[in-house]
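Common to both upcoming complexes is chain A, partnered first by chain B, then by chain C.
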Partner chain A sequence: MNRTERRKSMAERRPSTTYTPNVIPQLAGLEKPQNQYLEIDNCDVLILGTGLQESILASILAWQGSQVLHIDKNNYYGDSSCTLTIEQSKKWSNEVNQGKIPHFQEAKFEVFPGGNNQGFNSKDFGIDLTPKIMFCQSDLLTFLIKSRVYRYLEFQSLSNFHVFENDDFLQKINSTTKQDIFIDKSLSLMTKRNLMKFLKFVLIESNETYKEKIKNWINKPIQEFLKNEFKLEDPQINELVYAIGLSTKQDLNTKEALIRIKRFLSSFDIYGKFPCMVSKYGGPGELSQGFCRSSAVAGGIYKLNTKLADFDPELKIGHFDDGSHIKINEKVIISSSQIPHFLQSTYNQITHNLKKNYISRLTVIVNSSSNKFIQNNESSAVLVFPPFSLEINNTTTIQCLIQNHQSEICSKGTSIWYFSTTTNKDVKINQKILQFAFEKMFNKVKIDEPNLEIIYKLQYNQETYIANNLLNVFKPTIENNIILKSNNETSPLIFTSPPSGEISYDGIMTDVINCYSQITGDDNIDLDLDSSDEEDNKENEIQQYQPIDAVTGMPRKKSSVSGGIVGGGSSTNLGALNEHAIESSDEDEDEDEEMNVNDDDDDQHQPFGVHDMEL
Partner chain B sequence: MSTQSGSNERFAQFKLVLLGESAVGKSSIVHRFVKNTFDDLRESTIGAAFLTQQITIPETQTTIKFEIWDTAGQERYKSLAPMYYRNANAALCVFDITNKSSFAKAQDWIKELKKQAPEGIVIAIVGNKSDLNDEREVEQEEIENYIQEQKSEGYDIINAECSAKTGDGVLTIFDKIGRALPVDEVIESNKSRQGGGISNRRTGGVDLSRPRRQQAGQTNSCC
Partner chain C sequence: MQHGIKRQHLSEEAKKSKLEKDQIKIKNYKSLVDQLFQFRDDNLYNEDIFKLTTKCLLINPEFYTMWNYRREILLNLNNTEIFINYLKEDLIFLLGLLKKFPKCYWIWNHRKWCLMELVDLNKADWDFEFNTISKLLELDERNFHCWQYRRYIIANMKKDLDSTVIEEIDRREFDYTTTKIQNNFSNFSAWHQRACSIKLVKHENSYDCLKDELDLIKTGIFMSPEDTSIWLYVKYLLTDTFFIDSIKSKNDYMDILQDQLKVVEEVNELENEDTGKDNVECLKMIIFLKDLIMKQEGNDKFDKDIQNIIHKLVDLDPLRKGRYKDMLQNQVLTE
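Right after this comes the complex of A and B.
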């Protein structure tokens, strides 16, 4: 294959690059020798690792005309955010324990034969290493639509939320309207009234009233605010903070908690009576594949099972493990779990002072459809164990995503329970706590389903450089963010962080944009999609995606997308944190003292998607 | 996007994936089929997402819509994602009749398909560049032998030749595939799912292109 078959428009869009291969590097491949050659002797950006962030980045760069070479040391897509079969996860777990996968430790893989568990096929299961849920109002979703990657995916509604309380699992939220969000019929009239007052406050109250009300509470725990200002009681507070807010810790400050609560509430009624969605066949691993495909469609070159063996920073030549090489014109983006040996010390130096956060995960497959938790003909549910709700005195929230065969990640009659908890210290007891939570749940389900058994179990701990509240993604500095810290003029290498512990996709897009702007010096992502080949353009042209006002149900005006303290429109995800210093006791201790509620002016925050997302 | 229409007309949609060595003309065949054009300097990728094209089978009054996935070059280093094969109803394995090795490669892809693709997938092996018969390296007999061999293993593989350049035989391929697809099954299961649309859409799915409020509320939509 030769030059004439390349997309010329790509080269033209980027005049700084020339595509005149002289030396064609040889990359090992399964193809015949004459096809083992890369068609290029240089690329603009080399990306190591096909994790979600890297894959989105690859697609953006490719669509903008950059020549992207995207490789992965594994023979599958997804890197640390992949979706694995049972066999693959076994291999992965071994590799973790051999120290081959940085930032993952203490993996334990178990399958439980016997009983009626026979006949399960490894390939019928898709186990996500970092499962995530998608809020219906989020920047990544907007981008999925804009980039048309959503057409490779299928999303399913998620409306079942449960809270573990008083030794029982209570369904707190179900398919419902915003107004009926609190389904507990047994609530007193007074409590209901107080809740409605709070909902109205979060969703409708004007900026001034809002600011006035939270003025004295911003840095105080949300619990105190809800108790004092709205006379709410513990069960409702737990629901708001842990189920709706999906808060991972107890003493969350009022400001951040309200952003989280609003994120949930304003995601209702966009696509239906549910705030969240999950992607079928797997989460981030599936999205990664979609973005990689999109990148490939735009001319990105893909090669799995390939490692970078050496890199000459002077000549900017990268050598691969098969002896081939390529010139890299701009940057090399390196996933933290694919650090080549020769760069380990560089990486250690860069990450030396970065604060680590810790995530512990326990993933169990059981022979039950988990219909106790999953209702409304959905595929998934979320269950939370608030801090100190278990006898074992868990100091952090335990979140559990439950998915059954309807999500096509497990075979019929089974379901996957993904438990996780995040801490800012490496707490050895976390796996014990997760195990304890699992047993609670298991025993509870076993009452109704006496044949309940464990089929599979995978546990591991992981580290990330992303703060639990994503602050160093939304407010990145050269001190707190790995991307900014690693990028400098003398070196073309940029390192990315391992996946965060956040259960939603929030922060992903911002992380990508941070990286993109380090590469290009521009944070304006203008996707020039080539749609000329689409026969059914008209038929399938999506209705322009406009953020829907959570209260009125009317499309929001674009100019005021970030209304209110928590932002609005596509910024209603945690990106709203960006506008304000979020003081939390254990993170970023001394930052931004002139905390001022009045500094959030409507147009200050320009979330990704406001101007760039026009179709 | 109605799935059923009046009278006796029937409609079904299928996912078709392309496979084969680079440069055998996979994209060209599709473009000939979709747009009835051929570009000598065909670029090696196609546009966003995938292409679609419909055919009708007059005898059964059936309209078949193909959702066609190109490899987008990811086949070059065997880097096709599981997503590619998922829910594929048909596969078009293309080789170049003037290139013997591409025929061997097409057979490898069929092996791969048997491992990765859903059971019951309709497979077609197609020799492209029939306009270059003088330079033919793959003889009909060889192909026929392969087809028979597959048949003895229980695989009914559709065989055809075409020229994306002249357009000869292109439509026939899709017609053959269309007739081999389980149309009745899909229409039946769509009916039982209350007009579920695409064959592989199940319950609980969300159509991201249609925010609910907008759908119900405004009529000011785009054309």
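Right after this comes the complex of A and C.
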């Protein structure tokens, strides 16, 4: 096996491109080979690690005219959010076990005989280390469009969410649109009525009524709220909390759970029939590559396979392991998995008091297209095991992203099952729970597909400084957020956190903005893209008519097929946690002070809608 | 790199430059219109001017005089072949306009005119029109222009067909409304279409058909009683002769009315539990049903019950209190 084996890069896949660079760097950004030596003697920002956050940051800075030098110690893009071939993942797991990749532990790589015999090619697989799904109404998607990085990517609609209940998976979510509720014969008239009430409450209720209704429930479990205020029953509650809300634990409070549910519901009917999408050819790894590409187009300089060997904080000169050096005018951004040896103690000091959260992952490739979960021509589905749904008494939710060959991350006739679970305590039993969930699923599928076999298995545990509910991203302080904590006047170094356990891309943009504002003192990102060629289109868009929302009777913000009970209106992601705390300030006194900071921040040019949630 | 300096937003400047750009556009449009009116006053009809009307209508499709002039030009073409070509090209042109302005009467009007001209020349392609309108209805299933146009197309399609095919089309249209209503039952147009097509479809028994319809609508009532589109359809079901004549006896009719009354009263009860208030639409339906029942019993005057409910409505729905008081005075329900 070739040592530098890798999947085809975004640039190589482009059908319009005839030139295929045969050496690293795989991503030249421009369609011409790059000089392998640095020809600049200074840069504004040096970024270590091409993970998703770092790559978005690089592209923003580059488009704003800063000179960005972006390096990665690996010979591939993506850092801890990369998409790897089977061989690369083998190498990666060895490195994890040798302690070479901070914050990843106990990796176990297995290829099964079934896999070897069936002539599978390592390169045909793209395994995401931190797979994620995209809600159609989200700040990252808005930014992908604004930055035009979406042009490098292809998105596919997710097929459905499934909940594991009563020892079976067959249940699909079916109570999220007016249409589904109207047609579904299994629901009683009363259930239909109650579900409609709830959907209307989440999507179109006025601020006052909404607040009044949740007033007494904010810090109580969502289950109690749904049972008492909406008379919903367990099957519907489980579906709302664990599938639609993708809640990771059982006793989630009403405030947070409602935001999660709303995130799903308000993403309906924007792109395609389902509110979530996945990117083709791989998840965050693919996006990272897209942003690096964009950054390179704007003049960012890329050097893979490169380490920072030394840094002189006085002169601000960085030395690389290839002998070159550069003056850094402003900041050095360092990914937590690319800490140079000489900075390890600095890093340890900064992270010493930060709370760690733990993610366990189990990734399995099987010789089945997983059609039990994925419908025709669709590529992906999400399966959720709510807490205590397994005999092993899992205390946390287990989420499983299933993707088959339609997403171009595996060979035809195979699929990848990504299991994960998150805790805020380091629980050794998590891998056992994931294994149990996997076996459950495997055995159920085997009933219909007796030839089902495991081809590949990768498991590992992971640490992050990002809270499972992303609270320290949306409400960062100098005590709880690694970026804020590491940034200070005297040192140009900023450290970033390992990827979070959140299954969606929520929090990513906010994390980037946090970092950006630490660098520039400005939290308002405005890209200087030349958009003269789009002006005419924009005018046309304005004239295009807007369908009227089925429930609110108001024009929707985005033109789309009408039908579901969908709120047009405000963009929602977990950033709404932020806004919500303002509204419920009476109840949350401890959060109040931090929150009021954002009141002054009511900038109408705020590009990401993080703060303009109208609950 | 600059620190602490807010990026300047070019909004003021951008606004100004947009205004300047618009000034030029307005000037161009005005001179184009003046020019075209002059041509029309001079009784000029030619292909160059036709192109100018296209330019004008692309900017402002609501300009019905310009559509008239366009038609005059078309009618003044002396060659049938060329005329047909122009009509066909116009259909394509109109489709483009409709994507942008799906609710402009004049575009739909001109499309019908073109088609009627083509019909006279035996060149109309109704299948194409039908597929187009189906597509448009997918984009917005509540655009009544589209529904109206669909009925127009169906009526024209049926003209040359024999009865078995017509039957099939009617059945298909009826099923189509079922799908659209399942998608979203707050759709007046779809309910209206259903009311139009339900009578055309051959039912084994219109009484069973009535029962099925009432069942369908019951789900809607439970899910969203404030939705006025469903109430309109129930009222139609319970009063239209097509259904009433299918009911064998007065007793059966009374049973149906009583059943409906029970459903509505139950939903109103639930609303009361949830919100602490009666539901206005439910109350309106209750008096409608009670009034029907009383009339069956040969009673013309409102009883105490109905009067009480109307008094409730005066309080609950103050915007229309004048109407409710008027109803009380004249002892007649008004819609």
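Rule of thumb we're sticking to: the second predicted complex is superposed on the first by the 485 of 615 C-alpha atoms of A that agree within 3 Å, B and C clash if a C-alpha of one lies under 4 Å from a C-alpha of the other, contacts with A are read in each partner's own complex, and residues count from 1 in each chain.
Heads up, the rule we're going with is that a contact is a pair of C-beta atoms (placed from the backbone, for glycine too) under 8 Å apart; a residue touches a chain by one contact, two chains touch by 3 or more.
Here the structure is a predicted model, which means the values were calculated and not measured.
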Touching partner for A:399 - first (chain B), second (chain C), both, neither: neither
First (chain B), second (chain C), both or neither touched by A:247: neither
Which of chain B and chain C A:481 touches, first, second, both or neither: neither
Partner chain(s) touched by A:351 [first = chain B, second = chain C, both, neither]: neither
First (chain B), second (chain C), both or neither touched by A:281: first
Partner chain in contact with A:297 - chain B first, chain C second, else both or neither: first
Greater chain A contact set [chain C / chain B]: B
Touched partner set for A:145, first chain B, second chain C, both or neither: first
Those residues of chain A which chain B touches in one complex and chain C touches in the other: 540, 543-545, 548
List of chain C residues in touch with chain A within their complex: 1-7, 9, 99-103, 138-142, 182-186, 218-220, 222-224, 270, 274
Complex interface listing, chain A residues touching chain C: 44, 66, 178-179, 181-183, 189-190, 192-193, 196-197, 329-330, 520-522, 524, 526, 540, 543-545, 547-548, 550-551, 561-564, 605
Residues of chain A touching chain B in the complex: 1, 4-8, 27, 29-32, 35, 77, 141, 144-145, 148, 150-152, 154-157, 269-272, 277, 280-281, 286, 289-290, 292-294, 296-299, 301-306, 377-379, 406, 529-536, 538-546, 548, 553-555
Chain A partner contacts - residues on chain B that touch it in the complex: 1, 21-23, 31, 34-35, 41-53, 70, 72-74, 76-79, 81-84, 86, 101, 105, 201-215, 217-218, 221-223
